[in-house]
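The structures come next, written out as structure tokens.
Each of the next two complexes has subunit A plus one other chain: subunit B in the first, subunit C in the second.
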Partner chain A sequence: MIFSIKNKVATLALLTFLTSCSSDDDSQMASGNGEMELYFDNSVNGDNLILGASTYTNSNNETLKINRFNYIVSNFVLIKEDGTEVVYDKESSYFIISEEAQLNTINLENIPAGKYTKIRFGLGVDQQRYLQGETAQQSFWDLADANNMTWTWSTGYRFINFEGTFTAPTLTGEKTFQVHQGSNTATDNYREITVTLPNTARVRTNESPSVHFIADANKILDGNSKIKLSEAMNLAGTSASVMGGEKLMTIAGNTTSMFVVDHVHAGGAEH
Partner chain B sequence: MKKIFFFSILSVLFSCQNDDSDYIEINENLEFNIPDNFPDLAQDISLNYPTKKGFELGRKLFYDGRLSRDGTISCAFCHEQSSAFTHHGHDFSHGIDNLIGNRNTPAIQNLAFQSDYFYDGASNSLEMISIVPIHNAVEMDETLPNIVQKLKQDPTYVKLFAQAFENREITTGNTLKALGQFMTMMVSSNSRYDKYVRNESGGNLNSQELQGLNLFQSKCASCHATDLFADNSFKNNGLPANPFLNDLGREVVTGFETDRYKFKVPSLRNVELTAPYMHDGRFGSLQSVLNFYASGVSHSETLDPILNQNGVLGIPISASEKEAIIAFLKTLTDQEYINNPLFYFQT
Partner chain C sequence: MKKYILLLLFVTQFSGAKTVEDTIQNSFKSYERFLFKYDCDACGCSASGGGMGFNSILNQNFVGIRYMNQSYSSRDGLFNNSPWIDENFNTVQVWARIPITEKIQVSALVPYHFHNRKLSTGKQNIDGLGDITVLGFYTIYQTKKDSAVFTNQLQLGGGLKAPTGKYDTENKGSVNPSFQVGTGSWDYILAVEHTIKRKNIGLNSMLNYTFKTENQDHYQFGNQLSYGTAVFYEFEKESFKIVPQAGIAGETYATNKIYGEDIRDTKGDILFGKVGVEAGKDRFSFGVNAMLPISQNLTGGRVEANYRWSVNLNYSL
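== the complex of A and B ==
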């Protein structure tokens, strides 16, 4: 699959070369292209997220220990201060953020120079792209599968895989929980999220800013709407699972406030 | 189309640089025709348009047991051509390690005309559909990445994938695409009924079959609609739930209680060959199916309203009407489909 991506890049490069031969208009070239880094810092309720270690109590009075927090972000659109939108190449615009695999950083390439003040992106995989199957997704299914982000009893992606253990006042002892957010053939739970940057991200050919996102895992169950794990127990009473129905639509709503941009590093700086 | 265009540019440039004559193999698009009496396609087949090499590769994969964990269960194990690609004689299909599933194997035919797959609609993409049986622990119990590793050991597959796909690689995506191309081409449209409605030779229905067709249109065609004899919907047809299975049907996928006990309306094409019937294969004959609709429909919250009119459950059908409907249903058998050598792979 890497080969095929290279092919495409090569193709584009060739095309670009051919185009530039036939035209010597370089007024557009003056500003050039640069890169932008997006860093996803996973947190829970204002604290660092440390998998399998710390516990926290949410406003439902349930105490969670998180063992897994993976999600898919996609379809990035970078918005300049004058409102101009730069849509990142859709073929290359699907990414997995995984706390356990330490996948936290996305590098966006070939970004036109400019001052960016907002970013819009999707949480999950849009239905249009999903229905195009592997034709469009390239090797994304493999990457998703390797990170526990696919379903196999049905076809589709987990948009969020949020797992761990918890205790609740109404339950005895510690139980496991699995929250698998996604779409199915009945409901489209893909959502777009727009974040405002607290300071401008300036892209130049030699300036690659880094945008520092904070993702709050608590928002999944304890956002604008509340979901109690203790009300999603299996028949045996051993485990809570949230994988379908109304709850996924509720989570979709909650996730629109799951992300904020904390700060933007100017080009070249470290975190 | 864009990709094909790019690829041709690359090919030209590459061929300028070297004369490696086997870089480009001959592959060609297959012809896909929508039968005159069929509705529109429900899948966008242009996204994975069948080519000769892709189709042939998909067929080889379909008949290859290496797609299962222990090499014993191919797709064709449960989808046999002679019974319209169902598992004849089994209410529940048995898969790997002789484990038994909890649903009756559905027919593989005219998939590109369907919007959702499996009795519960677990997939809506023809290209992704194979993921489900491959990973199911009681069917093939394998993973796509493992399959790719196995196929890469086989020089024949290395060659066939290279011929079928422009990136020439054995990948999970190309494996799914090849299977998708094979299944896209699996169109059954030449039954005696089809020839009758298209005014083709061999399309003669006798008076009982014509009576059955009329009865079918008034009593059955609201769900078994169009010449696909299905309407791409999920319905609770009033089967009393089997308490040992408690298969919730569509609710399993959607999580909505309003979808409880709803199952996909199946096509009735080749129905003579696809016994047993219903999602759990509980009925062994078409006679039993019609007996059920006439007098066995049971009430529950999600029962389709069409089967509960004015407090009467089911569909009134007399004994002679049942015989006529069954005579008509048998005209939907497509001998050309079940004998088509294109869909049979001989090693």
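== the complex of A and C ==
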């Protein structure tokens, strides 16, 4: 009796051990196309960005309250673990992220099945696309226009629209600020940014991973290089505006470290 | 006896868990911020009986029922200014330690979980049968002589945790994966228990290690080490016995994995102080236990354990 119990326990243990060791489908060649979701979570210096509410003080000792944070991301390239690059269809590769309009999610479709470990994308609109002219990109131009992301056609797109109010030690009272990033005839301020994913994004016909980006608005003025709003005041001393000149090149440099990927959700793994 | 254990194991495979959400609108985005950051297996469905062990000091062999409550605070988001929310993990557990021979015992834990938490979007509940654990213990050493100053008992155990609790695939990607009633995996457990006694005073220590395997979603909770030691004293009068006890208990969790890749900020450790008392009369005994954290570092500081407590009623075999 005793012996048979021991045997049964051992058998049960062994059986469950064996049944649990099923292999996954990694060894098989994945084929077909799937989707990938990109989610842009806007933040400011480690805090969740809440428009019109959160104030924070940057390393320039200026205290900002942000009322608008919109930007254009474009030209997505998904990079596999072996270095293979999948270039997303250029015609469909321009998107607006807007905190006020709650545009945070991008859905990339027809992505070849694979394991993606890096993503490269542009902040803004590249010259090549811009020079194709207005009619070639009318629908995106209209969308950008509706989200305060354009000047006139001749002056082009705003890549970043960052607005709010601020106080500074050298100024009395609260002032408004407007930071409008873009390219102009003098400089091309479109930048490419490459982010490394903390976990592989597995795309399968039935698995759509979601990549969770965090964008840090603080990096615009307080990145590797510093821009003081108090040094960009208008003549009346009521408002700071950063819309041209050298400062846009500084911002372009800062924004290359504005994005990180916090995590990747695996997609539905139902088989 | 053996049949009952097997029966329990297999019958319960067929019962499920269900999730209830009070929210009308499933606000995906705010749940979405929960994710993988939060979950070590500290909370929902660990095999160690919430760090409270498999044994009773009062009775070597028993069947009983135990209620455990675990309170956690978790950050509802990824940011420094994200709000903290309360999470409550409740478990009612049928537990038993059944003698098979003089040296062999079988320990079984059959839990039913009912957990809840208050998200910014509404209250969320999950309940259902949890993962059943079955362990065999073998007594390696037992002091035989009544005249010995110290009596020692050393037991080695091994067993498994079956995925009888439902690991809800629907929850994945929208809520904290550890807010589950089961890990969805077959896990393997090694355990050591030691008791040393001199007259009425004693020291009870345990250590167990759980090897966790990948579940059907290719998610793998990190391996877990649990340990604890407590001093106890036996007050005895006729058929009545009271055993107060005090000590520490700790847990460490290895990094969770998905498709074999490490997931950041999922490892952790915690050390508790614990006090308890067991009272027995004839074949019945009653126990109360409370645990408060002394130090902790769970999931990058985004989950904090507040306390754990339990009550149990046992019938000595």
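Quick note on the criterion: the second predicted complex is superposed on the first by the 232 of 271 C-alpha atoms of A that agree within 3 Å, B and C clash if a C-alpha of one lies under 4 Å from a C-alpha of the other, contacts with A are read in each partner's own complex, and residues count from 1 in each chain.
Quick note on the criterion: a contact is a pair of C-beta atoms (placed from the backbone, for glycine too) under 8 Å apart; a residue touches a chain by one contact, two chains touch by 3 or more.
Nothing here was measured: the structure is a model prediction, and the numbers come from that model.
Enquirer: Could you tell me if A:154 is touching subunit B, subunit C, both of them or neither one (first, second, both, neither)?
Expert: In the superposition, A:154 touches subunit B alone.
Enquirer: By the touch definition at the top of the document, which applies to A:243: first (subunit B), second (subunit C), both, or neither?
Expert: Once the two structures are laid over each other on A, A:243 reaches subunit B alone.
Enquirer: Which of the two partners, first being subunit B and second being subunit C, lies in contact with A:202: first, second, both, or neither?
Expert: second
Enquirer: With both complexes superposed on chain A, which partner does A:257 reach: first (subunit B), second (subunit C), both or neither?
Expert: neither
Enquirer: With the two complexes superposed on chain A, say which partner A:43 touches: subunit B (first), subunit C (second), both, or neither.
Expert: second
Enquirer: Quick one: is A:61 in contact with subunit B, with subunit C, with both, or with neither? Answer first, second, both or neither.
Expert: neither
Enquirer: After lining up the shared chain so the two structures overlap, which partner does A:186 touch, if you call subunit B first and subunit C second: first, second, both or neither?
Expert: first
Enquirer: Check the residue A:141 against both partner chains and state whether it touches subunit B (first), subunit C (second), both, or neither.
Expert: first
Enquirer: Would you mind listing the overlap between the subunit B footprint and the subunit C footprint on subunit A?
Expert: Common interface on subunit A, subunit B vs subunit C: 8.
Enquirer: Give every residue of subunit A touching subunit C within the complex, in rising order.
Expert: 2, 5-6, 8-9, 12-13, 16-17, 19-21, 24, 26, 39, 41, 43, 46-48, 54, 104, 198-200, 202, 210, 212, 214, 262-263, 265-270
Enquirer: In the complex of these two chains, what residues of subunit C are touching subunit A?
Expert: Interface residues on subunit C, with respect to subunit A: 2, 6, 9, 29, 32-33, 35-37, 77-82, 100-101, 104, 106, 136, 158-160, 162, 169, 172-173, 185-186, 188, 213-214, 216-219, 258-259, 261, 263-264.
Enquirer: Which positions of subunit A touch subunit B when the two form their complex?
Expert: 1, 3-4, 7-8, 10-11, 14-15, 130-139, 141-142, 145-146, 150, 152-156, 184-187, 243-248
Enquirer: How about subunit B: which of its residues touch subunit A in the complex?
Expert: It comes out as residues 6, 9-10, 13, 44, 47-48, 116, 118, 121-129, 131-132, 134-136, 143-145, 167, 169, 171-174, 176-177, 180, 250, 253-257, 259.
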